[in-house]
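The next block holds one structure in the form of structure tokens; read it before the comments.
By written order: A, B, C and D. Residues from 1 in each chain.
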Amino acid sequence: MTEVVLRTERLFKSFGALKATNDVSLDLRKGEIHALIGPNGAGKSTLIQQITGHLASDSGVVELLGTPLTGLGPAQRAQLGLGRTFQISALAMEHTVLQNAVLGALGQRGTVMRFFAPVMKDKSLLAVAQEALGQVGLSAFASTRTADLSHGQRRQLEVAVALTLKPKVFLMDEPMAGLGLEGAQQMIRLLKDLRQAAPILLIEHDMDAVFALADRISVLVYGEIIATGTPEEIKVNPEIRRAYLGDEVPA
Amino acid sequence: MFLRTAVLAASTALLGAMAQADVKVGMITTLSGGGAGLGIDVRDGFMLAVKQAGRDDLEVVIEDDQRKPDVAVQLADKMIQSEKVDVLTGIIWSNLAMAVVPAATAQGKFYLSPNAGPSPLAGKGCHPNYFNVAWQNDNLHEAAGAYANDAGLKNSFILAPNYPAGKDALTGYKRLFGGELAGELYTKLGQTDYAAEIAQIRASGADSVYFFLPGGMGISFLKQYAASGVDLPLVGPAFSFDQGILQAVGDAAMGVKNTSQWNKDIDNAANAAFVETFQAEYGRLPSLYASQGFDTANLLFSAMDKADVADADAFRAALKAAEFDSVRGDFAFGDNHHPIQDIYVREVIKEGDLFTNKIIATGLSDHADAYAAECKM
Amino acid sequence: MTTLLFIEQLLNGLQFGVMLFLMSAGLTLVFGVMGLINLAHGSLYMIGAFAAAAVAAATGSFLLALMASLAAASLAGALIELTIIRRLYDRDHLDQVLATFALILIFSEGTRWLFGSFPLFLDVPAALSGPVTLPGGIQYPAYRLTIILVGLAVAVGMFALINRTRVGIRIRAGEADREMIAALGVDIAKLYTFVFALGAALAGFAGALVGAIQSVQVGMGEPVLILAFVVIVIGGIGSIKGAFVGALLVGLTDTLGRFLLPQMFGLILEPSAAVSVGSALASMLIYILMAVVLIFRPRGLYGVA
Amino acid sequence: MTRESWTNFAALAVLAGVPLWAYVADEPFIITLATRAAIFALAGVGLNLALGLGGLVSLGHAAFFGIGGYAMGILASHAQAYAPMAEWPFLIEGTKSMPVIWLVAVIASALAALAIGALSLRTSGVYFIMITLAFGQMIYYFAISWPAYGGEDGLSIYVRNGFPGLNTLDPIQFFGLCFVILCGVLVLMRAVQNSAFGLALSAARQNETRVLSVGMMPYRLRLVAFVISGAITGLAGALFADLNRFVSPTMLSWQMSGEIMIFIIIGGVGRLFGPVIGAMVFILLEHTLGGLSEFWHVYLGALLLGIVLFAKGGVIGAIAGREKAHD
């Protein structure tokens, strides 16, 4: 069995009476894309936030390469190698595209408390940032103000910033959302390449993308994982067809 | 800030033809913001005297300090450096005086204080060019202490805001008061609710209350005290019973004894004329502060009549002689250039619809201040 | 004797707290519903006091004066809401701070322009002047007792308004989700004007009530405003309940601190040093209280995370 | 050069040129006014790091301004009275040397900013505004009621403190000193804006989540910014106290905090030179409006309101346009 990079074990989180995540255990293995699907409100975003440390878990453990992350905040988890993209773009809108990428490279290097050297002339940071922009195809927009990017380009920039962190895993929250057909195709190609750099835990509503990309799929319903398997297994799982997928499953 | 750069040439119509004015006076006082009432009174009193004197050898520049020490310092710099004044005056507040006076006198200017008299300027920090025409800060409080003895009060509860003038006030009262203290309290500066203090007064077993709470603080205290049902006799300095604020205190102030070096019923010709002309000019009764402004101007004129301001020694001697008709009656300067004067005890009364004061006794006669001995000049 | 004094001080703290609640309620409501920080709330307090003093002087009736304070403050509130404040809802807090700071300058100097630099007179109505004797032999000013009762009544009224009426439901909905309430077909602009004027009226009412036992003067609102800020930071911004609890906490802490601290220091220091150290510390006490609350609950006692 | 750089350059030229002209024309008071503008500008540059770059709306910066002032007042008053500040555990003497005073002012206000910031930055938005205001008030009341250094009366220093090789009592020389410090701090701030720290701080203002998810702690960035900001404002406070040869609690009042903020808004938020131009305009307004009416605050208020509502970019925004984006 291939190496497990990220693992959650028996995660719980309740908001009052609502059990947002209920005993969630899953793993992410080297080189794979593991998709997490489920209806709205199933607890997918809560789970991601528990993994990144934005939300404290009621109980359970998140482990990265065997090391438990308990007690660490989002910044520390990012430093340890959790690269994340957001459902709603979280970018410094007034900064240029390149500045956003440099910010990621800077975070990865961990030398933010430098007060005098001009950061945009730091060759090693620029190299990392430009490489990441190149990978997502944004090199031409390096000096564009982020607020002036199209929606799809912002999605790409999110991925680029995550790349600059040289993460051990990617956590991607609906990277296809709002992309047109072509944009989605582009993103699918990008993610296919990325999984070699680091495995991807992918939350996605676009079922075409999920079935095109995922090596494994977990289905989350009412905070519980009701099944995990290869796309083929999931497609034919009658329980899932009933509970969630219905007739939307691509034939 | 440079509010109303009113260059008032106090002169007759002949002015245009005249040569440059001989004495230039810079008045820095509080004309806007909180406490503007006091500065306006000092200015009006001063300018009334200027108008009555009709001198053509005088020029007055008036500026507003907004009760901010840093602004006052800037204005003093401006008056000394740009306006090239000979004499400065006008400051109301001790903290502003402390900021301005030492530097101004050190630069050879005369300073005539129409209101503030902080103790350092009377004692170790006295200066030959500094003349205080009003009082040393402790004076009225000392008189109150003396009055308390005369009135047979034995056990006072005393309170003042927690700032230097407040501490001076209580020190001044204690200096001459022979009885016991039932309690001593320092309140927050600008405090407006005195319920807690009044409760302590009620519980203290005192036979009298002495308080120094200038401005709005005094108004609040008096109203709340009147409503509390505590009926111990109150004594205070004139500042809380002045013409300007008395109407805002209302009935709560009736009958309260307070100490002052001036009142409108002091019986002399200069005072009668002052009260009458002030009312005619401005449509209100003059206050303590107006009287001080008026005296300051007249002191200045008496010196101008005798000496040239360019001859500093002669001018200083002329000021020291204080040969002018003070609205307070007898007036003289001590060796530290602070007044030696009578301080009266007044009682708040009602004349028609108007609250005002009446003198009921003399608290201290020919009283000098306690710091004169420390002054070496 | 000491117990009686202590109880009297508790009443004083309660009265101070109740006044602070009237100030804080409007401030916290305006923030909760419209997301606006209003530094000019203290000016509305001042407007209430001045209106009351002017009407009392003209008519001699305290009741009319109180009504005038409500009318003037709510009118002034509605006016600035319609002309200026509503342009600020979508702005960042910096703009709100600066614009309302500018309003303070205008109101303060404008009032001085109209009424002059001397304090105005406003007296306690004759029926309430003097003390009443409470059970246990405590003498307490009738007017202050009235303030406590009126303030508590207003607090009950506010809770009822927020929790029981249709306007209250709308206000709460507005706190939760602005778009939702617009979708419900409520005229949001009118609701905002109403809430702002309501807050202004409470502040003006407080100004008039307090003006009768303090002095009615320009600049009287700002010290109270800052205390009200402390109250709602402690209570949790947006929460009426928090404002109430915070106001009583601040009122009691301040009053008892002023009373007890100098005495406590008197046990270890000589009297005059005790008085000055005690008073210095007492003047900082509520800020220390605020810091302590913040350490344990950064969003205040009843704040939403 | 861009239009904004031209504007900045022109502002500095005016700020330096006016006192030079006044020196020739023997108008020493104009020099004093220019010095005041330079010092206010410095205080604003300090606040602008927290406010413009970091998005921290601090309404308590007068605390640091005043602490800087008191550092000067306390040190100089001890030197003036030849009374050491402490004899145990080791002798600490007062001083009348500006460099030493500045160092103490910077350290003292930085420590205060560290304490206040550490608590206040646990919150954000409107809580932060109110809490900084409240802490400012706390220090204000402390200064008023603490008797040792003059309380409400403040502290007077009779002779301006000295700087090696200069006669600081000469208005033009003291102006020169303040101007050089202002320029030095501006150069420093430009570097900080373009540094790794500046990039991250500014990003934290725009999107806190983003900064967290690249492994940085916004709290730490803001705290550092707040401390530097407080230290610069404290340095300005020490200079201001030396300009007036006087320090009092008014420097700590919340109106002072408001005024420092006004400099920034008049000039343009987040612009390096915003506070410089803002302070110059403010002094000019004081001078001209103040001469027109006793109630000039009404006009100042109306003007401020106009800028906030209709001309968000301030003076620089009006002249140079939207070169740098701001929200």
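Here is the rule we go by: a residue touches a chain if its C-beta (ideal position, glycine included) is under 8 Å from a C-beta of that chain, and two chains touch if they have at least 3 such contacts.
Keep in mind it's a predicted model, so treat the numbers as computed, not measured.
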Touching both chain C and chain D (chains): B
Contact-richer chain pair (by C-beta pairs counted) among B-C and B-D: B-C
Per-chain CA centroid nearest to the all-protein CA mean: D
Relative to chain A, chain with the most remote C-alpha centre: B
Gap in Å, rounded to a whole number, between the CA centres of chain B and chain A: 75
Computed distance of Cα centres, chain D from chain B, in Å: 36
Distance between the centres, which are taken as Cα means, of chain D and chain A, whole angstrom: 44
Where chain D touches two or more other chains, by residue: 141, 144-145, 147, 295-297, 327
Multi-partner residues of chain A (at least 2 other chains): none
Multi-partner residues of chain C (each touching 2 or more other chains): 109, 112, 276, 279-280, 283
Chain pairs in mutual contact under the definition given at the outset: A-D, B-C, B-D, C-D
Chain C to chain D touching residues, read off their complex: 31, 35, 37, 84, 87, 91-95, 97-99, 101-106, 108-110, 112-113, 222, 226, 229-230, 232-233, 237, 276, 279-280, 283-284, 287-288, 290-291, 294-295, 298-300
Residue ranges of chain B in contact with chain C within the complex: 32-37, 40, 162, 167, 184-188, 190, 192-193, 195-197, 199-200, 202-203, 215-217, 219-220, 223-224, 226-229, 244-245, 247-252
Parts of chain A lying in touch with chain D, wherever the complex brings them together: 52, 54, 73-76, 78-79, 84, 86, 90-95, 99-100, 102-104, 106-108, 110-120, 122, 145, 147, 161, 164-165
Chain A partner contacts - residues on chain D that touch it in the complex: 188, 191-192, 194-200, 202-203, 206-207, 209-217, 221, 224, 324-327
For the chain D and chain C complex, residues of the former touching the latter: 51, 57, 59, 119, 122-123, 125-127, 129-131, 133-135, 137-138, 141-142, 144-147, 254, 258, 261-262, 265, 269, 295-298, 300-302, 304-305, 308-309, 312, 327
